[in-house]
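Right, I'll just put the structure down here and ask away after.
Each chain gets a letter, A, B, C and D, in the order it is written, and its residues are counted from 1.
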């Protein structure tokens, strides 16, 4: 039986594909949807990472030192799940454009 | 080494599949295709075909599985008929649009309603614009020949369009005939191993197939398919020529039979063609210049070849084995007329042989009689529904209690 | 060209017999045949027809047989089941019938005007040689008397078509051939 | 072939056009994280089709195909058969389909794949209606919930997918929820290690369709677990294993009040829903005790 890796393919470096397929990994600028943004109260944050795990856009980075949370504002949709799920209420949603 | 073997139409389809060495088989049994599904299962069980046999729960899944499997880089086999093809319809479009070159025997059987087990072309004609190549066999031998060629045509990198190899239920599917069959090696040398190209599912070469295509690209995708059909017309000529060179049997997109000097001709498709030729011979013996044009490849429609073959024939009858309900004509006739645009030929559509009604030598004699009547100026119309009974509107007369 | 029509009852193997006849003339006589079975809803006990055309050159016709040269009746009771086995026949049409009953054979002759009849108790031949009431192989043996096919071709085709019970079917065919009389 | 214009998060693009507050992204990211890059996806049209891409633009780093609404399981089965024939026993084939594509129109092909025990992982994310097309009711829509096709509340109960799956004797099936990601991940991991047809039924509430504030998705899903509207369970080797017993089994008061889709529900209906949840849970307990 032929193994998949032994099967010949006609794949030159650049080639034409007929029919529908997606092949360029892109991201939507979902940050532009945001009406509110999460703001972290640094002293209250215990760096547990729950916000990060539940963030639909995976845009929260938890730092071990310094500022506990970093947000990738390019993708944060401002849904507020992070704030809602924070066990210490260390996150609050503030109107986009306000705060720091 | 060619050998004479005995096959019925379904057996010839299975033999062609065996010779093409599929890796995955998914077929759902349906009359009159059932023996294809059964024999494929047998062949896998006996080791004659080394494939994964997926015993599917419907034709819809049969085609879905075929698409999924072939996109991983294996040749697949499936087959269907009638309502099974109708159930597949949605996914047939996916195979075509995703350029998955599946080759599928379709045993022609009428669509419901009324229920029927018997042959007509309403099933495949309903699929004629789905984006599949369509070949119609006229003998059991040709089922094998066309199917072997279909693999090459469909899988050609400029074509990449799936094929239906259509043949008439019972008239061919269950007709035991001698078939000149190439050896396994010869056939394999012709069909060649399946090479995955264009789109495929491979974790080492990532693409996501059949995602939403925005309007700004959709027309272009269809244009690509249209170009595939254009190339299929040329490629099939090349492949047919290669097949003839290798195996000595001539296949043609359209077969002209005694048309050179014909004054009347019929256009046929499928198993009725042999009977038509028989009647042409009878008429020729009487000195009547009759001829026949058989359409073997219906998609892409060989309009130029048809035009060329028929342009000098004054009176032509086109026989559809499906009703083309609501259409100006049956589907074959509509296409032939379009192909003949600008010519002075008188072209008449005939509809008959529905749901297994026999198209006999007598039927052809009647049709030729009418066409000759036109030719000689004795009449101006033909009996389009040539085999319908006179009491068609009254075949059910019932006592009813309802106040209607 | 020989145009043949088989009349049987579901379960007697008439359609299979048509296929085997095609094999016999194609592989063992180097002739050509087409078979067109007229299937109904598949069930036992319903009348079944098969149409066969045999020729020494490729057969163009691919339709039913309307004017048979040979009619093969697999069950003598068909005459009482509303089946007109004489349809399209002339006085030259040969009848091959599964019957050992002279009275029945006479009825067929009188009703349909068959002049040449080959009769064989194919049911008995089948029971004796195969142990089953499936008279198809035996009927092909009887059919060999009509001249359309050689008995040797029939026996070969029957033997290779029935796998494990091929030999027995071959014997049934030959037995029937030997026990067919012109009636 | 895949070219990167952006850095993916795991195997998923960071910016996906799913609604604000939708957790399907989290399901995709976790599933693909565990299943690994040697995975082929099958996705039907629906909310999850956001992950198929659009035009030339892709959203995931693994290959896949978008099939039709009803044939995800069959296409996956075909892919698995193709790999099997080629001696590829490593690539995972994963379908991720919504409830409509699973319990409604897709139940036949899923049933076929389960019966044949095709080597696929079938994941149904359940948002309890056809959300992508405008909140039409599905057979997963619960009793009394209002949708655009059940405006007065659905008069009948939802199909019980887990029991349908169990009736097919698959080697592994489990229900999970986006409210409990460690549990979800554990079940995906388990499914990965098993051959044959595996089914995961994952609750994924829809803020738009259910009518709650987008920040509450996890909270709503957690409430569903607590009152038994969503039962965490596993089915393995023919045995049923239930998760922690719901702390407020049958108490739908709070759950309903959180969501607009239950706005017009009468006391009678609430009691009927409550009775159903209790009966179903007790029945499952009996199965688990076998």
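Criterion: a contact is a pair of C-beta atoms (placed from the backbone, for glycine too) under 8 Å apart; a residue touches a chain by one contact, two chains touch by 3 or more.
Chain by chain, the UniProt names read as follows: A = 4Fe-4S binding protein; B = Pyruvate ferredoxin oxidoreductase; C = 2-oxoacid:acceptor oxidoreductase family protein; D = Pyruvate synthase subunit beta.
Please read these numbers as outputs of a predicted model, since none were measured by experiment.
> Please identify the chain with the largest separation between its CA centroid and the CA centroid of chain B.
A
> Once you count every C-beta pair in contact for both, which comes out on top, B-D or A-B?
Output for the comparison: B-D.
> Roughly how far is chain C from chain D, going centre to centre by Cα mean, in whole Å?
For chain C versus chain D, the centre distance works out to 62 Å.
> Can you check how far apart chain A and chain C are, centre to centre, with Cα atoms defining each centre and the answer in Å?
Chain centroid spacing, chain A to chain C, equals 78 Å.
> For chain B and chain D, what's the span in angstrom between their mean Cα positions?
Centres of chain B and chain D (C-alpha means) sit 42 Å apart.
> When the C-alpha atoms of chain A and chain B are each averaged to a single point, how far apart are the two points in Å?
One centre to the other, that is 52 Å.
> Which positions in chain A are in touch with at least two other chains?
Only 1, 4, 7, 11, 21-23 qualify.
> Which residues of chain C are in contact with two or more other chains?
none
> Which positions in chain D touch two or more other chains at once?
Each of 1-2, 52-55, 58-61, 83, 85-86, 88 in chain D touches at least two other chains.
> Name the graph shape formed by the protein chains and their touching pairs; answer line, ring, star, complete or other.
Graph shape, chains as nodes and touching pairs as edges: none of the named types, so other.
> In the complex, go through chain D and note every residue touching chain B.
1-2, 37-42, 49, 52-55, 58-68, 70-71, 74-86, 88, 91, 108-109, 111-112, 115-116, 118
> Considering the complex alone, what residue numbers of chain B touch chain C?
So the residues of chain B touching chain C come out as 4, 6, 8, 32, 117-118, 138-139, 170-172, 174-178, 271-275, 277-278, 281, 358-362.
> Would you pull the chain B residues touching chain A in the complex into a rising list?
Against chain A, the touching part of chain B is residues 50, 72-73, 97-99, 157, 160, 193, 195-200, 202, 205-211, 213, 217, 221, 224, 228.
> Using the touch rule from the top, collect the residues of chain D that touch chain A in their complex.
Checking each residue of chain D against chain A gives 1-6, 8-10, 12-18, 20-26, 29, 52-61, 83, 85-88, 178, 181, 213-219.
> Any idea which chain A residues touch chain B in the complex?
Where chain A meets chain B, its residues are 1, 4, 7-11, 17-23.
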